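Please find the structures below.
Two complexes, one shared chain (chain A), two partners (chain B, chain C).
Let's turn to the complex of A and B:
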């Protein structure tokens, strides 16, 4: 028994060391730094300023705007991608010729790094030479998809192409597990395909649905690479997500204290909905 | 089986150590961070020359470490914060020196030491403003200027020639200038333009105002939220009498000069004189728009010339450059220099300094320039202007009206570009943007005294 315990500890040790060194220590170091005036010129000897970084952060209108932009973006993107992902997964429940190829094509953007995706979109949406901008101009009436009027829908569209496959694959695999007898019973009761989706399939997969929703919401709220590559948060600060706000504070202005304060504030803000949804989903499982 | 596995592991481990264990000799290799792209390609030629011809005499090799063009400084900051001795020379730029000089070693004492500076190199061969760009406010020299960048006004010479000779075009030009700017303006040579002439020509070459315009837009104005965009605007700001800092070194944005310069930029965006997406556009988009023949002119980086006027460019031979337009204070052409300085944490400072000293020689400058870099040496640039005409234009423009930002500019560059871009894009009004910029930048500077 004792030997088993020792082996167990030994097996846990590498991961524990990894987590302490690369997760816990940086978190604690960041928390400490958030209480200091720490910039690249005084990083040797930063000045303790208590909660001043937090006070300045919450009185900074740019931070508020970034939070609001991220929230709007997360809600819109998550809703669009959940609806699209579920509908496509639902359609893919039946067999049709070329299904394998179609599944591969839908999943392909998910394996492309968001920064690379953003760089590609920046070229494809280029007003002067971008082929997608040209093709879409019939619908949008302009090739200026990165101009003020179209930049937000363009980013949402790009994120949907990049991240919707994540929703699709989760929903598709969850739907595979829906008992056939339930669907057959619903058919016997006269339910149409849409009613079966709403009243049978989605309630049955509600646990995966909830986790996917949460994961997607957090991903979108914390979006960085795609926007950084496409607009860098611009025009001006018009598409600045909260992650870009933190990045600019840390690495453009070298204001590490403020960047750490913003990161911790963000973590606290996200903790409440995260815990709520995790608890709800765990309860659902029981 | 076990034995074979162990033997394989041993062989693999030996192969891992082999490169260092069996190196050609035990001479030290100085490691220098450099800027990837055409600059590092040019530096490669200089390094190869050194390693083949100079290394033995100097007692060390040199290699460059390329951290990626995007955000190179944040990677260097990690090394600085960790006091890492992994690299011996940091890459830097004149405008960033104010942020990083405290992590670098003063260079002049090494240049003055004949045992280290065995080449007798001095700073005289370089354009003085570029050397001064690598001095901190107290005059201490921290680096070697290696690669010069500046701004030009690019224009379509075929279209401007037509404008200056075609009476019908001239009449339309005057009419549009009066309608849009409320001023009586006549077409002029771009070298003599004021910002009013620039806007009038932009209106004239924009199809929305002149359906007969051969181009869709008059100009391409960079709007992306990044430091270099703010520098392009700074040409205009200087010409109206403003500057980022006043004579005492205090931040100076909340003034009429800034409002006038912002108005020029905002007019381009608001009136659609520049492609709509240029609010998020920068170097690459500008090149594409000019090559595609969409725009008639642009205030743009010198590095764009090789692409816009390339042999296979549809506008090849139709592009000319001059200094950016003038304001009441005259013409100004922004320039900055990229270069290297010795890391304070290097354990091989003397070797690094010997290499830095050699980089100051005309020999190194010429090798660098021949390989496509833009060495800030007046003699070299002039000598090579037949081969690379843009070098000659650079010397002319910089001699006439070159100006750079002080080394402290990098400290407030990010907040300046963010708020100025918000102002010219109409996200916030001028007064709010400038007062906020003034307050935030002043506070920021107080942390760097």
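Let's turn to the complex of A and C:
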């Protein structure tokens, strides 16, 4: 019995070593660094300043603004993408010719790197040469879609194209599992297609619905690559998500101590919802 | 209208809606592909031209010896993705086996890996950059491989746990009775039946690494730059080489686009593994 336990631990050893070396150690190193004034010129010999980085951080209005921007962005994007994802998944419950190919084409934006997607949109939304900016100018009255007036809706649209397929495929797989008898019974009771969606399908898949919602919310809150490629947080700090704020602090201003403090504050904020998701996800594996 | 006619109308409306949807979702990819075949003159024409004489100049520039060695970036991406994916598989198969058959410590490791998947990547990026700087590992492929492997392990682990749970215990028991030890069971019994699963996990790992930007971006500045990072080099402070950039993006999206066509089912399974139990 004891031997069995040792074998079990030995099998975990390679992964554990990797996690300790490249996840736990950096986290602890960063946590320590957040208590120091560490910049590029004194990185080998930083000065200990206690909690000052955190104090400075929470009195920094840019940090507060970036948190608020990310929160708004996450809520709006998640709501739009959940609604669209569910409606499209619902549409795909019907059978129609070419459904397999259509599914692949809808999933396509999800497998392209968000950074490439962002770079692509930076070109296509460009004020002077962007074909999409030109197409949309009839609606918006301007081709300056990355300027102050339109940049937020543009980014939300880009993120929706990039991430909505994830919601779609989650909801689609979940809907496949809704028992046919339930839907037939509802039809007998005279429910129309939309009523069935609201009163039968969505309540039946509520658990996956909740997990997808929360996961999407966390992802959007941390958005980095898409915005970094499209606007790099600009104009000015107008689209500075909290991840962009931290990146700029660390890699443009070389203020490593404060950037570490900001990333830990962020990790702490997200810890509770993340732990909840992990619990929900691993429950079934035991 | 008869019932049959009504059904047909419904199908037609669905197809029209789906076509519009696909056009909207893929408009970025489509217009980018078109731009990649445009000459600089065609690109700057207003209103934008949708029908034009295609040219391969942009691809020639990007793949030739221009200002950037994009061929090297593609090669780096390929090497890093293959090795990271392979290491992640080697790390997670034994771990998944231990988690399914032995429990105990494994549940803690599983929990930590899942938490890793949700944690803000920037919390790792800053210390990792400084640590690798100290060990003189910046701008090496190995540094990027270390981190990409780490970020592939959560999905890889989840997938292998699923595959191993589906395997009947009897084969292993029979092998154990024949005197095989755990290592032999793993290598001679388990790996062969896991091969299809290893294939799709490898593809998913490859894509995760190929698409990664943050760590590839901060850890490399010359020799070990990847294709995803390299696409942004066509934007300089003087000018933007739109056509070359579109060609570079097109080249960088080919592997992922190919994989979604040939292995859609297993990819979807992997991408939703964290949130939906299959």
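One rule holds in what follows: the second predicted complex is superposed on the first by the 270 of 286 C-alpha atoms of A that agree within 3 Å, B and C clash if a C-alpha of one lies under 4 Å from a C-alpha of the other, contacts with A are read in each partner's own complex, and residues count from 1 in each chain.
Here, contacts are C-beta pairs under 8 Å (C-beta built on N, C-alpha and C of every residue); 3 or more make two chains touch, one makes a residue touch a chain.
What you are looking at is a predicted structure, and each value in this text was computed from that prediction instead of being measured.
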Judging by the criteria at the top, classify the pair chain B and chain C on chain A as clash or fit. clash
For A:111, is the partner it touches chain B (first), chain C (second), both, or none of the two (neither)? second
Touch count on chain A, higher of chain B and chain C: C
What is the contact status of A:183 with respect to chain B (first) and chain C (second): first, second, both, or neither? neither
With the two complexes superposed on chain A, say which partner A:41 touches: chain B (first), chain C (second), both, or neither. first
Have a look at where A:236 lands relative to chain B and chain C in the superposition and call it first, second, both or neither. first
Of the partners chain B and chain C, which touch A:74 in the superposed model: first, second, both, neither? neither
Is A:155 touching anything from chain B or chain C once the two structures are fitted on A? First, second, both or neither. neither
Classify the contacts of A:227 with the two partner chains as first (chain B alone), second (chain C alone), both, or neither. neither
Which of the two partners, first being chain B and second being chain C, lies in contact with A:89: first, second, both, or neither? neither
Could you say whether A:129 touches chain B, chain C, both of them, or neither, answering first, second, both or neither? both
Chain C stretch colliding with chain B in the overlay (listed: 57-65, 93-101 or 129-137) is 129-137
Overlap of the chain B and chain C footprints on chain A, listed as residue numbers: 43, 126, 128-129, 250-251
Inside the complex, what are the residues of chain A that reach chain C? 4-5, 7-9, 11-12, 14-16, 18-19, 21-23, 25-27, 29-30, 33, 43, 88, 91, 94, 96-98, 102-117, 119-124, 126, 128-132, 134-135, 158, 161, 164-166, 169-170, 173-174, 208, 211-212, 215, 218, 222, 224-225, 228-229, 243, 246-247, 250-251, 256, 259-260, 263-264, 266-267, 270, 274-275, 277-278, 281-282, 284-286
Which of the residues in chain B come into contact with chain A in the complex? 71, 73-74, 77, 80-81, 99-100, 102-103, 223-226, 275-281, 285, 288-289, 292, 294, 411, 413-415, 418-419, 421-423, 425-428, 444, 447-448
Given the complex, residues on chain A that touch chain B span 37, 39-43, 62, 125-129, 142-149, 151, 230-238, 248, 250-255
In their shared complex, chain A is touched by residues of chain C numbered 10-11, 14-15, 17-18, 21-22, 24-29, 31-32, 34-35, 43-44, 46-48, 50, 90-92, 94-95, 97-99, 101-107, 109-116, 118-131, 133, 146-147, 149-150, 153, 157, 161, 165, 182, 186, 207, 210-214, 218, 228-229, 231-232, 235, 240, 242, 245-246, 249, 252-253, 256-257, 259-261, 264, 267-268, 271-272, 274-278
